[in-house]
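My questions all concern the structure below.
Think of it as A, B, C and D in the order they're written, each chain with its own count starting at 1.
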Amino acid sequence: MKEEECRVAANTIIQGRYYLMKIESAYISEKSKPGNFVMVAVSGSNDPLLKRPFGIFKIDPPYFYIYYEVVGRGSKLLASKKEEDRVMVVGPLGNVFPEYENENILFVGGGRGIAPLYFAIEKYSGSNNISLIYGARSKEDLLFTEELKKFPLKETAFYTDDGSGFTKGLVTTDIKEIINRNGINVTFSCGPDKMFESLNEEIGSLGIRNFVSLEAFMGCGFGICYSCVVKGSDGKYKKVCSDGPVFRMEEIKWQT
Amino acid sequence: MKEEECRVAANTIIQGRYYLMKIESAYISEKSKPGNFVMVAVSGSNDPLLKRPFGIFKIDPPYFYIYYEVVGRGSKLLASKKEEDRVMVVGPLGNVFPEYENENILFVGGGRGIAPLYFAIEKYSGSNNISLIYGARSKEDLLFTEELKKFPLKETAFYTDDGSGFTKGLVTTDIKEIINRNGINVTFSCGPDKMFESLNEEIGSLGIRNFVSLEAFMGCGFGICYSCVVKGSDGKYKKVCSDGPVFRMEEIKWQT
Amino acid sequence: MADLTADLGFIKLKNPVIPASGTFGYGGEFLQFFDLDLLGAFVMKGVYTDERGGNEPPRIWETPSGLLNSIGLAGPGAEGLTKIIKDVASKTSTPIIVNVCGGTDEEYLEVARILDVMKEVAMLELNISCPNVRAGGSCPAQSSSDTRRVVKLVKENTEKPLIVKLSPNVSDISSIARSAEEAGADAISVVNTFLGLALDIEKRKPVFKNFFAGLSGPAIKPLALKIVWEVANAVSIPVIGIGGIMTGRDVLEFILAGAAAVQTGTVNIVEPTGSVRIISETLELMDELKINNLEEIRGGLKI
Amino acid sequence: MADLTADLGFIKLKNPVIPASGTFGYGGEFLQFFDLDLLGAFVMKGVYTDERGGNEPPRIWETPSGLLNSIGLAGPGAEGLTKIIKDVASKTSTPIIVNVCGGTDEEYLEVARILDVMKEVAMLELNISCPNVRAGGSCPAQSSSDTRRVVKLVKENTEKPLIVKLSPNVSDISSIARSAEEAGADAISVVNTFLGLALDIEKRKPVFKNFFAGLSGPAIKPLALKIVWEVANAVSIPVIGIGGIMTGRDVLEFILAGAAAVQTGTVNIVEPTGSVRIISETLELMDELKINNLEEIRGGLKI
């Protein structure tokens, strides 16, 4: 991993609060694997002080992409960057999704949680049988469905909470059927905490390998400040940034 | 005066460290007179916290221009603004150069001190006989000489400290001759403190009306924080932002 | 729409936002930006008996998200101020608070008396916490006994409600606040500025002639919020929270910490219409969070 | 080119920049960013006798130009640390400082003894100023007598140079620093974090389970610089300046205030290569200002 000043090659609004930023870095784009993330400086000043974590959405060396939602001050500042602006980036950070071959993998994405999954789907769909469940609040929050459909996917299911544009439902609505139908033995998921809680209830005890990519509020992003912890099922804290962000579902102590 | 979010209509590098920013504000562009200045927010964050003062260089309603030199963090941030960016501006602030008619006025500008003078020259050259002395460190710092020559000026003298491009010398080098030759009875000057000190020595006791436009580090820009003071010749502090920035030379207690 | 009224007991303000002393001039300077009637109240720049020039420049220095100042209480003196007060009072019905300063007990008393008789003055704020006048930044608010003595003296000789403004540069703010309460203070305002230092490497000198200066602005907010919480828990008179308030959210945080109202300082310097923006943001946020009035959350921290 | 050597008396460092405890992990984590030999020294994350999990999250909160933390000294315990120290010591010759913590006098002593015997440890830093462990943020560094007792105990039972890290959350830092000196401290490091508070309006709760948290980062620099100046004037042992250092200019300001060396904290979190940048900036600025070595300006304020 490295700390670099990178050129913003593009920063485009996709829809509503959602943006795609193309950043130039030979190093990061070549070293990154699905699951990795970067810490991005949103201002060149002391306020806001902390860099913000974003999953790697896609690589195309010497470029990599982040797909982000504007939710607060930092992401808003990021959205205001223009082509040719420079941003400080640290990365690639964190661990990665395990690399499988010839498995029946189900991806489960909630909202902007699709970001690290997109990269994994692109990379793993050739060598595995892949299915996808992807849900969000409304069709305004469910982006890249057309692009995703272009990958060789066995089954895809899109949901919106309010039924706009796609099937009304949650990512868990038909998950057991989809798992059975496709002989799924591995899942990779990323989304809001509530989604993980439901996922854990639904599929936590099916005896398949479930991997989750977590979010946490981060200080450093590389394991030294001990601020991004989640409680593990063994009662010990784990650092999301360096022990994760990818964990086996059973490693985490879920609320429910 | 008003506090407004304004659109940056253009922000172009003129040369080296010097920039010209075109800002849209019907209010400020219409209300401003030569001598006035604005306070500009250089970042949208708490750091740097203070707005920075810049003289009004030119108006063209609904636009006004500031001409600025990158000298520190704030002006550097300002230089990074792009067209369509928004900046918070307070203005117009401060007092103005007195409006004369049919006088023989000499303008004396040092470096970026030309900014408020340019506006005054443009406005007053029609109704007065105007001469100009303008000097800077080197030809890289002496901008707008061609534009200035287009005004109806009786005499112009350009100097550089190092002799590059123009006559080697200071704005005070030939000032007495120029004053005599043109029957000058009023001077308007703006430049670094050292220039004012020399000016005061050279022309402070000629019995003509000398007006200086001062700079000071400012907090508010409109008279409430009492931070921008200079010592007056009466021993009392004067606020550069609201008692000035334009003062009669004899109102100020010069070092020498 | 939420009710913004802020209840100080001895007075009800239409909203909790009070521009702070030294950051709002004498009020009138802001008329060009907005109607002073929009404010809960406002505090005038600190005043001594005599006219003062203030400290030698530089008087302010920018720090990360903060401002160091060493203005030194320049001003027209108490008599000179009475005219200014009358003038601004004729332009607004918002309560005017005068910030009373003194180099000695007698001076505090003299200034307070001169202003106490003015019907245009709603309250006095006793500034026993200015770090920019005496050497090393010392002030009465650094000791319980000095605090008690000065507050008692002024309270016994004046009629107006008396707010006592305390310094954060002490180890046990609670006991000092209690001393002020016992001596008769009607309210406490905290914090005044934190003592800080700026150095000039080029000149190898302190930036300020007075050496130390007072730090204000958003940088101090987490420190001020802690102190306001402590003071609100130490006394039963109302507390006015001050320190780095820049947004409506900040206002509600101070109320939640136990403040009955707040003062906005540095924001007025960097953004002349800042206090008015903060008032609307407070209202919007209350509506969003379904808070009907300030009393509902004041000091209502679930611990 | 300027000489960057920093002289602490008992040791000479190749430069004055020492990453601070809790912001530099155990050092090894930074090997992926730069060679640890570039640093003057570095301090490991604070350690107790036993393995600790640390506080319940959230553990940090961003404030204007600052960071509140309530990590709670998560760590492997002193015995566990010895292995980590050996490992990183095999990868660098830069002096390693261990930050010694304790809930009781005995624990301080035990931790110190375990680490004192390690040849890989150059110095001990006695952390008597952590605000995130005991209720209300209290710690031995808040009283002269506690400071004297703990320092004396550890000093009498260890061999290594002992740096004592003090808290800014006191009213008379000078007397506490003198107590540490009298009790045998070889150097003083100041400041640890300032006590602050963050509130969550939505939940009407404190952000941190421990209520208060410690403020660090550029926001505190003017406050820290003042304290470092005071301590440097109060004691004759070397002072290590800490608080919000982000640039080479900041380093020289702390040296000018009287520090013999500095520690960089939050900057390591927000910018992994920050300490190395700061070292080059310090050198460049010294060359620019024609400062040949640090002793030339240390404490050399013209007042």
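To be clear about the criterion, a residue touches a chain if its C-beta (ideal position, glycine included) is under 8 Å from a C-beta of that chain, and two chains touch if they have at least 3 such contacts.
All values derive from a computational prediction rather than experimental measurement.
Novice: Can you tell me the least number of steps between chain C and chain D, where a step is a move to a chain it touches?
Specialist: 1
Novice: Two chains share more C-beta contact pairs than any other pair here; which two are they?
Specialist: So the pair of chains linked by the most contacts is C-D.
Novice: With centres defined as the mean of C-alpha atoms, identify the chain lying farthest from chain D.
Specialist: B
Novice: Round to the nearest whole Å and give the separation of the Cα centres of chain B and chain C.
Specialist: 36
Novice: Averaging over Cα atoms per chain, report the distance between chain A and chain C in Å.
Specialist: 47
Novice: Let me have the rounded angstrom distance from the C-alpha centre of chain A over to the C-alpha centre of chain B, please.
Specialist: Distance between chain centres: 53 Å.
Novice: Pull out every residue in chain A that's touching 2 or more other chains.
Specialist: 46-48
Novice: On chain D, where are the residues touching two or more other chains?
Specialist: Only 64-66, 217-219, 246 qualify.
Novice: Looking at which chains touch which, would you call it a line, ring, star, complete or other?
Specialist: complete
Novice: What residues on chain D touch chain B, complex-wise?
Specialist: Residue positions touching the partner: 64-65, 218.
Novice: Under the touch definition given earlier, write down the residues of chain A that touch chain C in their complex.
Specialist: Per the stated touch rule, the residues are 46-47.
Novice: For chain D, which residues are in contact with chain A within the complex?
Specialist: Touch list, chain D to chain A: 22-25, 29-30, 32-33, 45, 53-54, 57-60, 62, 64-67, 69, 71, 74, 217-219, 246, 266, 268-273.
Novice: Please give the residue numbers of chain C that touch chain D in the complex, ascending.
Specialist: Residues 63-66, 68, 142, 169-172, 194-199, 201-206, 211-213, 215, 217-223, 225-226, 229, 244, 246, 249, 252-253, 256-257, 285, 289, 297, 300-303.
Novice: For the complex, give me every residue of chain B touching chain A.
Specialist: Checking each residue of chain B against chain A gives 43-48, 77, 80, 82, 85.
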